[in-house]
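Okay, structure first, notes after.
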Amino acid sequence: MTTDESYIERIGNTRRKRFTKHLLLCLASIVMLYPLLWLVSSSVKPTEIVFKDLSLWPAEWDFSNYTEGWTALEFPFDLYLVNSVVIVVLSILGNLLSCSLAAYAFARLNFRGRKLFFALTLGTMMLPGHVLLVPQYIVFAKLGWLNTYFPLIVPNFLATSAFYIFLMVQFIRSLPRELDEAARIDGAGTFRIFWSVILPLCKPAFATTAIFTFISTWNEFFSPLLYLTEQELYTVPLALRQFIDSEGQSQWGQMFAMSFVSLAPVIGFFIAGQKYLVKGIATTGLK
Amino acid sequence: MISRRDMLRTAGLTGLGLAVAACGRGFGGGGSEAASGKIELNMVWWGDAFRAQKTQAALDLFMKANPGITIKTEYQDSGPYKDKLATRFAAGNPPDLMMMRMDSLREYADRKSLLNLNDHPGIVDTANLSPAALNLSKVGDAVFGIPSGLNAIGFIVNKTITDQYGVAIPDGNTWSWQDLAKFAKEVTDKSGKKVYGTLVDAATLANLVVYTSQQGEDLFTPDGKFGVSEATLTAWFQMFEDMRKEGGFPPAGFVETIGSSPDQSYIAKGSVASQIIPTNGFLGYNKAAGGNLVLLGIPGEATAKRRGTNIGTPALWSIAASSKHPKEALQLLNFLINDVEANKAMGTTRGVPASTVVADAIKPTLEKDDQVATDYLIGLQKQTLVPVPPYPKGASGIQDELTAVAPEVEHGRLTPAEAAKKVIDAATKALSQ
Amino acid sequence: MTLAPVKHPAVSEAPVSPPKAAKPPQDRSGYLFILPWFLGMAFTIIPFFASLFLAFTDYNLLNVPNWIGLENFAEMFSDDTWWQSVKVTFVYTFVSVPLSLAAALGVAMLLNRGVRGLPVYRAIFYLPSLLGGSVALVLLWRYIFGLNGIVNAFLGFFGIEKIGWTSDPDFALTTLIILHIWTFGSPMVIFLAGLKQIPAMYYEAAAIDGATKWQQFRKITLPLLSPIIFFNLIQSLISSFQTFTQGFIFSGGKGGPANSTMFYNLYLYKQGFEQFHMGYASAMAWMLLIIIAAFTGLNFLLAKRWVHYDN
C-alpha cells in the first residue's frame, strides 16, 4: 500500500466497484419503477386503446382522462382526496400516540399481566380479519357510528394495531437499557423517561409507523366500504372502484388517471417522511 | 428535540384544520329520518358510476312523484358486494331494497331474510311479466323479488374477421355444436392460427346449463339433487378438448385468469373470432370489438333433444323481510319494474326490462346494439323454453368445482371422464349440506 | 443530550426474550400506558372471542347459531379444498418469506453503506409496496405475465417457450411468489430504520481492530439488528399466512387455475361469505391462528438463541 501504483489501483478498484453497484441498482430500479411508468403511460391513453396499444411511450398524449376523470363521479375528485387525508392524518396521530405508549409499557415496564396482554395483542394479529367483520360491525352499529369516520379512526387511538405495537416494542428493546437507568438515576420518572429518552430515539420507528399507516389507511378499501354509506364521505379507493365494473362500460383511462393522482400524496409523504427514517441513534447525541 | 415537537405539532394542527374543514362530514351530525319527517329507504346495487347516474335519474322521478319518500342509495363494484350485504344482514341492518344475486337467492330466501311478495298483494303489478321472467324469483310458491332485467346467453361472431378470411357465418338459429367446431376450425386454418375460431368457457355454469338441457337433463332434480349425468359432463369437456386438438379452440394456457370485462376479452383483442356472452353485454362487447359483431343463438338449439337456452337475470330486486317500510319499498319496486319513463332513464344496463310492455316501449330509445339484444330477448320470451329449476342452497359449490377442474382438463391433468366424476362428487356433497 | 456510554454489544450478551426478571420492581404505571389499549379491546378482543364461540356453531350469518361442538374442526380434515389451501399457503409462505427478507436485508445493507442517491433508490425500491392492492395493478400483472407479456418476450430471447404464468396451474403460484418478492420494500424500509439505530462507532472501533466486513456483519450488524430481523420475520410469516388480497385479485376471487392459488384466507372467505358457512369459516380462522401461533411460538423459542436485546 505504500507505492503509488497500488494506491491508484485501489482507487480504480473502488471506482469500478462503485460503478458496478450503481449499475446493478439502476437495473433493479427499472424493474421497480416499471409499474409507475406503465400507469402514467396508460393514464394518457384513451380507454379504447388502453388494451390495444401496449407501448410504454404513448403515440399521443391525451390528458382528457385527468380532466374528465376528476369530475366523472358524483362529487369532484378533490372531495374524496380530502376525506382520505382527514382519515389518514388522524389515524397516523392515533397510532403514534397509542401504540408508542403501549409499546413502551410492553417493552420496558414490569407489571402483572404484561405477558398475557402482549400475547393477546399478537393473537389478534394472527386471526383472519374476515371472521371479525360481523362482530365488529355490530359493535360499531351499537355505538351508532355507522356512516361516520369514527370506526375508521377511533380504533387507531386505542392501540388496536398490533403490528405497530410489535414494531415499536422491538425498536425500544433494541435501545440500550443503560439510557433508561441513567435517566432514572438523574431522577426522571417513568413518563419522563418515555417522553425525553425513548421517544426521541424512536424516530425511525415513528417514521416507519407513520408511513405504513399512511399507506395502509390510504389504500384501505373494505372498512370504508362497510361503514360509510354516503357518497359525500367516500374515500379515494371507493371512488376509484366506481370507474369500473365488470358489467359496465368501465372507464379504464379515467381510472388510471385518478389512480395516479391518488398515488401522488403517498409518494410525496414517503419522500418527505423518509428523512426521519435515518435520524436514529446514529445521528443523535449518542457519541 | 425541536423537530419531534414540531412534527407532532404540525401533524396535529393539520389534522385539526382538515377536520374542521371537513366538519359535519363524517363526524356525526347530519339529518336523521325523524328530523326530516320523511320516510327513508335504503337501496343498494352493484355497478359503476355510469349505471349510478342512470339509476339515480329513475329514482329522482320516483321521489318527485312521492315527495314523502327519500331514497338513500349505495352502490359499488360487484366484487365485494356480497360480503357487505351479508355483513349488513348478519348485523341486523339490511337495506330495504337490494339487488340480489341469483346464486345467493336461496341462501337468503330459505332463511326467511327476504320479503315474500305474495304476503303483500296488490302493490307490485306483475301482469306484464312473462311466465319465464316471473319464474325466476319463485322459490316454491313464494316470490322473493322481481328480475331487475332479463338476459340470456348468446353467441357473438366478429364479422370483420370472418369476412377477412372468407369464412361463412352459420345460421344462428339452426346450427349444431358440430357446425361450431367446423366453423371454428375453418377460421383458425384460414387465418394461419392468427385467430382462433371460438372460445367457450367450459367452466361457466350458465353455459353448461344450456348444453345439459339440450341433452334432456335438468341441472337440478325437483327434489334439489344434481341432475346432470356423468356421460353428459364427459361429453361437454370432451367436445372442447376435441376442438382444441383440431385447432378451432385455442391451446391450453391461452385463457388467463385475470380480468373479465368486455375490453379485456379475447374477441376485443381480435385473437378469437367468436364466443358466448350474456346478451346484456352485447353493446359493451361490440364497442370493444370494433362494432361488427353478429349475435347468434347457442348451437344445438334446433338439433338437440330439446331447447337449452333459457331466460335468466343478472339479479333480482328483493326486499328485506325486516324492512321497516315494506309498503314503500314495494311501491318503489313496482315503479322500477313498470314505469316506462323510469326504464327509459335506466336503459338496459341490468338487462332487458322484465315487463314486456316496458321493454317494447323503451326499445326505440335504446342504442342500436341494445336493441339487437332486446329483440333477442323479446323473441326468446315468445318461444317455448325449458325453465331452469331454482338453484338449491349450496349450488355455488358446483360452480367452484367446475372452475377448479376445467383447467386441469385443459392442461391434460385430468381426462374429461375423471373431471366429470369429480364435478358430480362435489355437487352431490355441496347440495347435501 | 448527554448520555452514559454504551457497552460494546459483545460484552453485554444477554440474549433474553421477554425481559424476564427485569430488575425494576412492579411498575403500576404500566397500566396507565396501556389504558388506551384496554379501551381498544372493545374493538379487538370482543370480536376475537365472538369468533371463537362461532367456531363451534353452525352460524350461517342469517339465523341464530346452534352449538355443534367440534364438528367444524372435524369437517376440515375431510375437506380436500381445505387441504389444498393449506398446501398452497405453506408453499407460498416458506418460499417467499425467506427470499423476500433476504432481498430486503441485502438491499438495505447495500443502501445503508453510504450510496450516493440513497433516498432516491429507497423510494424507488419501495414503490411496488406503495402500489399494493391498487386496482390498476391487476391489469399490469396481466400485461407483464400474460402469454404475450414482457416476461415471456424476455424469456423468448433465450429460446424458452411461452409459459402460462397466470393460466397454467403449475406456474400460477410461482407468479404470485415473484410478485410477493417484488414488494420487498416494506421489510427493507424497516431494516434500514433498524440499521440506522446501530451506533457508527461500533464499526469504527471494529475497523480499527482490523475486523473484516464479514466479521463486522457477523459480530455487529446481525446481533444488533436481530430484534428487527425477528420482527420482520414474525410479521412476514403472519401476513404471508394470511395472504388474501393478492390471491383474490389474481384469480378474481376464484383461487384458480385449478385451485392452484386457493390461499387459506381466500377459501375461508368463500366459505364464509359465498357459502354462508360462517361457523366453518370461524373454525378455519382459529385453526389458522393455531398454526400461526405455533410457528410464532417456535420462533420466540428459537429467538433466545439469536435475538439480542440489550438488557
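Letters A, B and C name the chains as they come in the text, with residue numbers starting at 1 for each one.
Note that in this section a contact is a pair of C-beta atoms (placed from the backbone, for glycine too) under 8 Å apart; a residue touches a chain by one contact, two chains touch by 3 or more.
The structure displayed is predicted, hence computed values, not measured ones.
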item: Pairwise touch network: line, ring, star, complete, or other; value: complete
item: Relative to subunit A, chain with the most remote C-alpha centre; value: B
item: Higher-contact pair (C-beta pairs counted), A-C versus A-B; value: A-C
item: Interchain centroid distance [CA atoms averaged], subunit A/subunit B, Å; value: 37
item: For subunit A paired with subunit C, centre-to-centre distance based on mean C-alpha positions, whole Å; value: 15
item: Of all residues in subunit B, the ones touching two or more other chains; value: 1, 79, 83, 87, 90, 260, 264
item: Residues of subunit C whose C-beta touches two or more other chains; value: 1, 61, 139, 269, 273, 278
item: For subunit A, residues that touch 2 or more chains besides their own; value: 134, 200, 221, 241, 244, 252, 279
item: Subunit C to subunit A touching residues, read off their complex; value: 1-4, 6-7, 18-19, 22, 24-31, 33-37, 39-40, 42-48, 50-51, 54, 61, 107, 110, 115, 119, 121-137, 139-140, 143-144, 182, 185-186, 189-190, 192-194, 196-201, 224, 227-228, 230-231, 234-235, 238, 241-242, 244, 264-265, 268-269, 272-273, 278, 281-282, 284-286, 288-289, 292-293, 296, 309-311
item: Residues on subunit C engaged by subunit B in the complex (per definition of touch); value: 1, 60-63, 81, 138-139, 141-142, 146-147, 162-164, 166-170, 172, 249-259, 269-270, 273-276, 278
item: Of all residues in subunit A, those that touch subunit C in their complex; value: 21-22, 25, 28-29, 31-36, 38-39, 42, 54, 97-98, 101-102, 104-112, 114-115, 117-118, 120-132, 134-136, 139, 154-155, 157-160, 163, 165-167, 170-171, 173-179, 181-182, 190-191, 194, 200-201, 204-205, 207-208, 211-212, 215, 219, 221, 240-241, 244, 252, 255-256, 259, 263, 266-267, 270-271, 274-275, 277-287
item: Interface residues, subunit B side, partner subunit A - complex; value: 1, 3-4, 7-8, 11-12, 14-15, 18-19, 21-22, 25-28, 30, 42, 46-52, 72, 74-80, 83-84, 87-88, 90-93, 260-264, 268-269, 280-281, 283-284, 287, 314, 349
item: Complex contacts: residues of subunit A adjacent to subunit B; value: 47, 50-52, 72-74, 82-83, 85-87, 89-90, 92-93, 96, 133-134, 137-138, 141, 146-150, 199-200, 203, 221-222, 225-226, 228-230, 232-233, 238, 241-252, 276, 279
